[in-house]
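Letters are used for the chains, namely A, B, C, D, E and F, taken in the order the chains are written, and counting of residues starts over at 1 for each.
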Amino acid sequence: MTSTARPNDRAADQVRPIKMTRNYTAYAEGSVLVEFGNTKVLCNASVEEKVPGWLKGRGKGWVTAEYGMLPRATHTRNRREAASGKQGGRTMEIQRLIARSLRAVVDLDVLGEMMITVDCDVIQADGGTRTASISGASVALADAIQSLVASGKLKKNPMKCHVAAVSVGILGEHALCDLEYVEDSAADTDMNVVMTEEGKMIEVQGTAEGEAFSRQELNQLLDLAEKGINDIIAVQKATLAE
Amino acid sequence: MTSTARPNDRAADQVRPIKMTRNYTAYAEGSVLVEFGNTKVLCNASVEEKVPGWLKGRGKGWVTAEYGMLPRATHTRNRREAASGKQGGRTMEIQRLIARSLRAVVDLDVLGEMMITVDCDVIQADGGTRTASISGASVALADAIQSLVASGKLKKNPMKCHVAAVSVGILGEHALCDLEYVEDSAADTDMNVVMTEEGKMIEVQGTAEGEAFSRQELNQLLDLAEKGINDIIAVQKATLAE
Amino acid sequence: MTSTARPNDRAADQVRPIKMTRNYTAYAEGSVLVEFGNTKVLCNASVEEKVPGWLKGRGKGWVTAEYGMLPRATHTRNRREAASGKQGGRTMEIQRLIARSLRAVVDLDVLGEMMITVDCDVIQADGGTRTASISGASVALADAIQSLVASGKLKKNPMKCHVAAVSVGILGEHALCDLEYVEDSAADTDMNVVMTEEGKMIEVQGTAEGEAFSRQELNQLLDLAEKGINDIIAVQKATLAE
Amino acid sequence: MTSTARPNDRAADQVRPIKMTRNYTAYAEGSVLVEFGNTKVLCNASVEEKVPGWLKGRGKGWVTAEYGMLPRATHTRNRREAASGKQGGRTMEIQRLIARSLRAVVDLDVLGEMMITVDCDVIQADGGTRTASISGASVALADAIQSLVASGKLKKNPMKCHVAAVSVGILGEHALCDLEYVEDSAADTDMNVVMTEEGKMIEVQGTAEGEAFSRQELNQLLDLAEKGINDIIAVQKATLAE
Amino acid sequence: MTSTARPNDRAADQVRPIKMTRNYTAYAEGSVLVEFGNTKVLCNASVEEKVPGWLKGRGKGWVTAEYGMLPRATHTRNRREAASGKQGGRTMEIQRLIARSLRAVVDLDVLGEMMITVDCDVIQADGGTRTASISGASVALADAIQSLVASGKLKKNPMKCHVAAVSVGILGEHALCDLEYVEDSAADTDMNVVMTEEGKMIEVQGTAEGEAFSRQELNQLLDLAEKGINDIIAVQKATLAE
Amino acid sequence: MTSTARPNDRAADQVRPIKMTRNYTAYAEGSVLVEFGNTKVLCNASVEEKVPGWLKGRGKGWVTAEYGMLPRATHTRNRREAASGKQGGRTMEIQRLIARSLRAVVDLDVLGEMMITVDCDVIQADGGTRTASISGASVALADAIQSLVASGKLKKNPMKCHVAAVSVGILGEHALCDLEYVEDSAADTDMNVVMTEEGKMIEVQGTAEGEAFSRQELNQLLDLAEKGINDIIAVQKATLAE
């Protein structure tokens, strides 16, 4: 990544080609295969008519998420977490982020005593798996909730708006949107931004991998993120309109 | 399943529509999405230039397999094995079966000090996931080995022949080939057969879920399995000929 | 194992000397030390007046099994599974097989809301520990059930018939019954057969360790298994008649 | 927290009274008890003359961190993680954040093949344990590194500058610096900011617990964080000058 | 430890300077930092209005203890037990000893259906952490129980008397009281004695690390322990009288 | 246990009938089934020509022990530790005690770089399993070491003397030797004593389960233990003389 050109001649503020395939599997109440370029994540939303023990009897629902990566989603094989006997710190961090992002757009009181779990399983990883997961999970969640409304199990739709996420970063002197793996691994600063369709932020997680970053750089990255997320939300809407 | 007709008017000795998509993911040395009707398994073969500790320095290679099921591959969500902290007995049983089946068709001395791991991850489960896994894994393994031959890392191809598997069972008075979930869960006897393209058996695992079975019934099932496996091997060959 | 003679001049279709000692320990409702030659397994059947959570309130009982091997049951010491923090795949596979075999001969509706767990712990291992376990467990189970009938806790005996198992295998050109360790480790094909006293099969698990096997060889092995199991069932009956 | 006044009449931009006690324990190469009001964290830096396996032979060092909370650091007792058999997701998230923050201010090439682990153990928790941990760990790390320089094991000091962290949040209509527990649990948005003494950012992690937040609110929070961190760095410098 | 003089010119029958700080942390019902010379243990007693499942409905209470050591409490860093996924054998042994010692001085019937857990976390370890833990835990327990009496939750004080513990040992030809680390690691025999203020024994655990010990030596050690424990109990009483 | 008579009219200072069967299993270098009345423990000593990592290259050997209880060794079935995923605190405590007791009678320098592991597996438990384990393990260890001497792998026998153990206790007003289960569970004080044949103590572990005990009671118990251990050592010697 020494040259200033991005792979496939992407512009600095351009997200990768995004594709969302609904009903990718047959049984989940919401099932979306989301692709951000070569990153492919299967997001399955499962509805259960129960809530975790600590929430019982309070009339509220719960939305949670789990994240996993197939062992050979990446260039070299990673050890299967089920075989090593625990989920790693990175996995836990990511699935907590996805879950918080989704809960931020659902009115849990309106959901009532139901639990929706969105499983985000990475089939192929080329950078940005957590932001692709959030963006795809929002659509899977919308489908699952819609099925509850359609069947009469919910009188009112508890989902307040769409939520999407993108990674942005500084690579040398360039601020770039939606980093792919080769960019991500060379970036000085890497930031994941989660926003609603109303342009408000739910999560901002910026990390200086190399050089620390300035307020000005932070603002540049947030500008890029805002544009990118708007593009992703447009895809979400088009997908759900199909 | 009280009527004698099979779903989709399948004949008793007919396997489901089988489809194998090569290069389904981009990074694995062999990557096959295998579909037996609604059962879909992603088989990724990964090559590593090392062997397990107990095999070091003996000039031999190793072939192994791991099996997993996405939490919502099935009608209701199963707990993620990585989250529960261990692989269940069923998972272990299946991945050991896949691994033995693949090793039976590879000359480990010719492979030399290399290890191939085939990950079989079930995207959607409608019965027969272990037999679909073996059948798809054989093609992924062939591709991975071919890449080693092509790159000159192997002088000679260590794979002796194709291997495929099918489930057969007795449902009421009928012996059926390639059970789908609704049939499998109602069957009295369930048998998984693994065979080479030469018609020799590698594994035979028959279980009486309800009534015990006779030698005659066993023979009937083996006849069905032989025919079904020939049909699957034809698909394997056609796929590799593409 | 290059010569064609078996250790101790056993005939090809001859099982090892089999001995079953009832009431081997004092507390279990059924307790049998089973010996197949030098293979020794202690089978303790424990009755509990409860069922697993998923079976509660359905008026049915449950029969399950656990398998373990003392660390120095074998020629070299194996790591204690309790110390390594989990049961290995082989252990899980075996205990699932024992449990299925036992359930196949018990009418769980007649058993009612009770659970019987048969622990099979290998004191000394010289091949065929899983088949010895099943054969001994059947007697321990019979004793435990008989105690429930005798005490009036069961009105009717839910055990339908005896069940026994034997391993058979192909070693060079010879099909042999009840392999001991030195034979087992050299065999090309190894098959475990579980049958009822009525000659019907409950489980057939054949594995080609070396060469794949033909239908003809399979039939030869099943003939041997049938004879061997009849011999074992004769010992079971004699033991229970004491 | 309905009134607009903060506990102890703190101003909105005012950090709690901060105290850092060096050499709190006797054996660690760097040992600091850091107090942010009622939050108390013991930060022990341990030097080992080895690196993790994956870094061996590359002439570089490593800095890592672990985080724990005594079971009764909080208002009600939490289960001990050692007893429950694993570190929770929150713990992992926090210790990864601390470690990244520390590595950002150390030149690992200059450190050479040594590893420094900073253990941050929370003695008492009243909000902001992760930011107190980072702020105290920076001083413990400085002491540990200074001991290496003093003993001649390091020719040059690899620590580039101080690093400190503070939490900021929006509570109702007020942006507040250094939230204590009662504020934190009522906040709509909670953000942790990690900065160097040069005013550059290393980590920014903002989370909307309730309402999503705007760019303007984000900027307000960053202003508060900058001021707070400068105050903390002043304490760090004074502490190290003692 | 070849010379006969003890560090700091302690007499053979002299305990180290002992200090107990009550209310060391703010939230626990009883919180004591106990120091035996350089050994420092934080003892927090937590009251919960529930009992373990196996004790429910029997009108009795329960007192238990957990023990942990901060990774850098010792000269070299130990692996964090929460990270390694289990408590070691030594930890379990110690926490079981502390719990038994405390239960011996509490009338569980008078306590009623409440559970008190005393967490003993070693901040700095210089020998005798288990005896310091017991001695400090007794005071933390007394404070927790006193708070229940003061609030009216208990009509009667269930604590029968104080309990304290000391280690004694034989080093060369000398019997010594309250071994510090440098003595402990060189001792032939190491004994931990737990006694009530009435001079009766609750636990005696003597171990020959090197040479086996005689009855006469055992008696010598018990004499030393009796004196030492009386000195510790005097500190407990003075502390509680403050 | 309200009457003063012991089961089977045992005298207060009388151990149960003790039986040790050598070569109980075929493969271990030392294998002893030890019976103390109805308590039966299988002690297998395994020799390995290696030492634990931390002892490598120091020319010293190691002796260790592991303890387990078959699930139905007791009146009601206990959960299998391998299935629950960890060894309990009681198990760890006991196996550490056995190991220390054995190491106390072996000169590890003379043993050289070899490791002997003694597995003590309880077949039937009627009180005193840890003391029976130590007493039987001493004989299994002697046999394993003798085999090393006989084969010339050891020039000199590193075992210094026999070691045996017995439990003693106070039940009401009576001090009793070698408690069986019904006595043990009713005892106020329970003490395990480990001694060499020279009458010196290796371990003394006394616990007040009910009332605390006095110095005088302790002495009474030690007198009983001394006599009991002499009786056990006589059986050890007779067994080894066979």
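By our rule, contacts are C-beta pairs under 8 Å (C-beta built on N, C-alpha and C of every residue); 3 or more make two chains touch, one makes a residue touch a chain.
Values in this document were obtained by computation on a predicted structure and should not be read as measured data.
**Q** Going only between touching chains, how few steps reach subunit D from subunit C?
**A** Minimum number of steps from subunit C to subunit D: 3.
**Q** Go through the assembly and pull out the chains touching subunit E as well as subunit F.
**A** Under the touch definition, subunit E and subunit F have no mutual neighbours whatsoever.
**Q** Which neighbours do subunit B and subunit F have in common?
**A** Intersection of subunit B and subunit F contact lists gives C.
**Q** Where in C-F, A-D or A-B does the E-F interface recur, with over half of the contact pairs identical by residue number?
**A** A-D
**Q** Distance-wise, how many Å sit between the C-alpha centres of subunit C and subunit E, to the nearest whole number?
**A** Taking the mean C-alpha position of each chain, the two centres sit 51 Å apart.
**Q** Roughly how far is subunit A from subunit F, going centre to centre by Cα mean, in whole Å?
**A** The computed centroid separation for subunit A versus subunit F comes out at 59 Å.
**Q** Would you kindly tell me how far, in whole Å, the mean C-alpha position of subunit C lies from that of subunit B?
**A** Once rounded, the distance between the two centres reads 28 Å.
**Q** Multi-chain contacts in subunit D: which residues touch at least two other chains?
**A** As it turns out, subunit D has residues touching two or more other chains at 85-86.
**Q** Beginning the circuit at subunit E and going via subunit F, which chains come one after another?
**A** Chains encountered around the ring, subunit E first and subunit F next: E, F, C, B, A, D.
**Q** Show me the residue ranges of subunit B that touch subunit A in the complex, using the header's touch definition.
**A** 25-28, 31, 38, 40, 42, 44, 46, 48, 66, 68, 70-77, 80-83, 85-87, 91, 117, 119, 121, 123-124
**Q** Spell out the part of subunit A that touches subunit D in their complex, as residue ranges.
**A** 86, 88-90, 92-93, 95-96, 100, 104, 191, 195-196, 198-208, 211-215, 218, 222
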